[in-house]
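Read through the structures below before going on.
The two complexes that follow have chain A in common; it is paired with chain B in the first and with chain C in the second.
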Partner chain A sequence: MNMSIQNRLGEIVESNSNGFVAQCYDLYQAPVIGTLVRVGTDNPTFGIVSYVSTEGLNSDRKAIARGKDETSITELYANNPQIAQLLVTSFEVVSMGYLKDNHISYGLPARPPEIHAFVFSCSQSELDHFFTELDFLSLLAARSISAVGQADELLISTLRFMLDLYPAHVTFTQKLVKELAQLFHSDLNRLKLIIRRLKL
Partner chain B sequence: MINQDNSRVFLGHVINGSLEQGLLVKIGSGTNIEDIQVGTPVTIDGQSKRFFGYITDMRLEWANQELQDITTVAQTPEVTRTIVETSAFSVIKVRPVVIIAGDAASLLDGPEIAKTIPPHLSMVYQASAEDVSYVFGNEDDRHIWIGSPLALESAQVCLNLEQFVKRSNGIFGKSGTGKSFLTRILLAGIVQKDIAVNLVFDMHNEYGWQGSSEQGHPVKGLKQLFNSQVAVFSLDPEFSRMRKKAPDFDLTIRHQDIEPEDIESLAGILNLTENARQASYKLPRELGSSWFHEFLKMSGEDIKDLSARLSEHESTMLSLKRRLDQFNRLAFIVDDAQGDSIQHIIRTLEQGIHVVLEFGRYEENLAAYILVANLLTRRIRRQYVTQTEQAMATNSETPKPLVITIEEAHKFLTTSVSQYTIFSTIAREMRKYGVTLLIVDQRPGVIEEEVLSQIGTKLTCQLDNERDVDALLTGTSGGRELKQVLSRLESKQQALIFGHSVPVPVVVRTREYGSPESYKLFQNSIVNPTTLDLELDSKDLFS
Partner chain C sequence: MSLDLVQALAKLQEKTAHIMNRHSEGSVQAIKAIKLLSSLSHEEIMQKAQSGKFTWMAAEIHTSLAGKYTKPAKPNNYKVMAVDGSQIDVSRHAPLMYHLINIGKVILTYGESSSAVLESKPEIAVSENELYIEDQDSTRSVPIEGAVLGIKRSLRELETLSETIATDVDEIPTLALLDGTLIFWTITANSLPTSVTDYLINTYLIPSLDRIKEKSIKSPTSLASYISSPKSTDVVNTLRLAICPYSPINCDRHCGTLNAGTRPCDSVNSITDQDIFSIFLGTGQRSEIFFSTSQVIQKYYLGHEIGFFYLNTGKEIARIEIPIWVASDHALVDLTHSLILDQVDKGLGYPISLAEAHEQAVVTPQNRNAFNAIIETMLTNQDVSIGGSQKSSSKQVRWI
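So, the complex of A and B:
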């Protein structure tokens, strides 16, 4: 099994200019909100996981409660192997940039990724490359509220994801804080909330 | 500092401002505001011109006032600082005074008054040594090096002495700030470069023979530096003998030398009434040229007679006599049979020899100082007026300019007495006769406003009295800004120079005076470039 199969997170089932929806191969195996993911290999698109859902495979067949006699959820799944076949986990990604000529361009890709394109988790070097500049934060901030329907949850999750990548990197933290301060210079309440949530 | 470009230190960009108020310059992120001092000379690179000016003020700004709150939000000081830095910035205020480069024509003429301002985002630098020498000139046969500007020890600020002596000038500062040292430097420069002839009323005995520094080191006076070019006259030969430094000449004042005008100049200090002053003018007619002597030796009876003859109140005459009696005790006031030493001084000056008049122990006697200074100055002025008028009538050479140095000048020039002293006349109108004053004083605030406004160039050390500062700066362009600069001078050896003979106001650290090297600089005669060329030419001829 090669690397690219190992790192595969799912496959695109819906796609548009803003982003895409990918379905996981295994139930509940979606990346967490705020994770940077990659689509494609040659001129890959990068995006941030903004929403995760698990639901019935067939939209008019709702899940029903089955655990009345079970002692734990693990047992419930073990005793009802068909459930895994009837449910599907998928995640939404907002597009944030793409690689062209070995150079990251932040913003929306000119063409949305194709259906069935594979979605991968990013390698450390891809993460490093993408997070060298923070220009995507303004796009992310603009999308944050609409994506989850909660103020700045997506933004905060992404910032956490980034800070966890470089836990003791003072310069990176400073750069991030500086970018945020500039971004929210006219909305200080938002800035203060974010700073507090990140415990900076 | 990091932002260096051809040895110029970058300060920031012009972001705002006006010709009247000065320019606001946003400090570049590589520059620490704490490294910048008010008064520092700067240059501004405009689109097609270069401006030269100085820093007048500085302040801290927020692009976003509300961000001040953020200090309470973040948990770590680094994060707070990072957030603050996105909005906080420092601004310096710069006053552009002259244009030092633009089209070729203006370059040739030297600095030109700035009648415009540079556009937004023009780059502002600390002035370089070359900029400073372009604006203030280089030490040569007319320019004297005075000191170095703030933050630029390597540069030399020079003063054009030829321009300088065309007007009366002033050296100010409270006691112990370096006035006497600065005065020595200017006097020595005038002698060395042969710009004018000096007459120094050396009240505190520090300019002729050695003076001393506060640390007690002796420092050389003009006589020691220039020997035969300087004559020391003394009012108190005994003092000079005690000091084992014989003066070249003793100065005596004969009774007949004293004129009613001299009494008038003492009106303030002697507290003379208007009537007594008026009456003194009648005395020479009545008592002859030795009226002073005759009057002082009169008995009560004589005074009574005299009063009747002059139709003055006896009490007026008695009080005049009482007030003048103190002069009877002065040893330098002598009989008419003695030689005319005032004429001697005049002849000495005419020969181009500088005169320092030491007061010896009369240092403490203000009345004696004022009497002698007025009396001499009036005689000398008369001479200069006559000679200058003759010279103009016959189209011949006018006498060499004369610079009269007086310490404690406010004693002559306060509003209450200045109208009676010769010095205010000179300050007001004597330019045309080639006689100007160098007044050295610690209380410019009590000098008559009109006299002060006639002062061409002001060199002022630290002053802490508001009234003195205001008096010096009234009517000066950029006065409000200069006040900021002046009030922050160091307590010693730093001076703000502004006025007629400097194109731009400038703060200098006064050049060091008192070491053997410092004397050498005054004793070397300046090599005249033309003679140098001639020598080279003649060598070529013979090789």
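So, the complex of A and C:
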């Protein structure tokens, strides 16, 4: 399979300056919260998955409980094969930066991505490139609460995603903690909470 | 206010006061009808029917009247195909003369490799030969709109179902399901020229039924239509013949001058078949198979005569119509019986495949308005004057 198809996570169905909503091609196949994703190939936009939802394809049709007599969820889906066609999984992404002249600019893109633009998972080199600098963390910290409705959940998920990428990289972890310390120097309780959640 | 609800409610109360009385009279009649079902011989009734002259459309009976059958086992692997349609009728007030038929199709496969296909396909008719059917015997053309468009839509639903079945390579037991009736009596009820009726029958109806029948010879395939809350009285009308005291029956001669309600057979005049079978059948049971004596069947359905049975789904009494080549095959009748009950169960009271086919087919008022707006934009972009009618404009802009 073509790599660009293989790495495709979904397709944008809503877009604005702050970010976008992408629809997955397969039910329940959204990237986890905190994942860095890419949109477009020339001058791509980068963003972080902030919210995942699965709901009825038509907003006026709600799912109802129908498994009273089923022994497992697999059996329920097999006995009601239409369900998978009537539900859709989407994920929201907050835009965090874009690539211009081979240089990552952290912040919002000048124009939001187009509707139907493909959303891809990032390659290792793209992840390395984006996480070289940690300037985007301040933007993420500012938007973390509004993105998922719970204090710092998005920030913590993103930090976990980053730490999982470089598990044995002590320097990277030190750099990250230093950046967090600078960011929350006036709110030590918040910093303590984040460090504790990350089990650092 | 466009509808004065206070006035309307007052009139409604006045006009529905008698309904409760009629309801209790109906229960008495239904119990009487069940006793009749169990005591009558079908040979006797059919003899009476054959020698008599009557106006009722009575069901033809090939076996006993009082048979009832419990739910058969369903196969492990099976498929249900359902088609439904909706339409946008021609509007004289629109800027473009067109009609649209939207066909919704659902294929649900159950068992080891369960899967679902849900799709809809719009068909738009704009040109003269798409909007009219030529009468071969005159210079007249019949516009495809209103009731005629309804007929064409129903026939296209059947045709789509038959094409889907014909191209399906699987050989697992399959039920092809339609909503409503298989008896296309409206074809003969709209004073259409003979050549137009023939065209509809020979282009759509018979080839579609032939196609499904052909598939059913190769692999277990049933065709059925599901009528929810049926109001039909075919069996009640048969009972009217049974209780008629005159021999031979001749409605005009013996009762032509009597008012409705005073004729001897009016002792079952307040009930429908549904009333009888809602008491007679237990949950999951189906009735005996009866055959419709509708004129359209006698005239055009040779080899595809339509039979029907009533089914207690646990939620309602449904009328299930099947062609004779299904009715005469016990295995296919059992397949139809079991799969419809399963579909109703999965659809929480109504066959899930039909519910989803309807969802695929439905054209909402918003869809219609959006489509008309697209047409207007398209015509404007092509510098075509979009007149539309003043009546249509007046409805859109409701000024004071």
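Assume the second predicted complex is superposed on the first by the 200 of 200 C-alpha atoms of A that agree within 3 Å, B and C clash if a C-alpha of one lies under 4 Å from a C-alpha of the other, contacts with A are read in each partner's own complex, and residues count from 1 in each chain.
Definition applied: contacts are C-beta pairs under 8 Å (C-beta built on N, C-alpha and C of every residue); 3 or more make two chains touch, one makes a residue touch a chain.
As the structure is a computational prediction, the values presented were derived from the model and not from experiment.
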Report task. Please tell me, clash or fit, for chain B and chain C sharing chain A in the overlay. Result -> fit
Query raised in the report: If you stack the two complexes on chain A, which partner ends up touching A:178: first (chain B), second (chain C), both, or neither?
Result: first
Query - Greater residue coverage of chain A in the superposed arrangement, chain B or chain C - result: B
Report task. For A:78, decide between first (touching chain B), second (touching chain C), both and neither. Result -> second
Query raised in the report: In the superposed arrangement, which partner chain does A:111 touch: chain B (first), chain C (second), both, or neither?
Result: neither
Query raised in the report: If you stack the two complexes on chain A, which partner ends up touching A:66: first (chain B), second (chain C), both, or neither?
Result: second
Requested in this report: Quick one: classify A:195 as touching chain B (first), chain C (second), both or neither.
Outcome: first
Query raised in the report: Quick one: angle from chain B through chain A to chain C, Cα centres, nearest 10°?
Result: 170
Requested in this report: Answer with first, second, both or neither: which of chain B and chain C does A:169 touch in the superposed model?
Outcome: neither
Query - Overlay on shared chain A, then closest C-alpha pair between chain B and chain C (Å) - result: 51
Query raised in the report: Taking the complex as given, what residues does chain B use to touch chain A?
Result: 63-64, 66-67, 69-70, 73-76, 78-79, 82-83, 85-87
Report summary line: In their shared complex, chain C is touched by residues of chain A numbered 58, 61, 64, 66, 77-82, 84-86
Query raised in the report: Within the complex, which stretch of chain A touches chain B?
Result: 170, 173-174, 177-178, 180-182, 185-186, 188, 191-192, 195-196, 199-200
Query raised in the report: What does chain C use to touch chain A in their complex?
Result: 106, 108-111, 114-118, 346, 348, 352, 356, 359
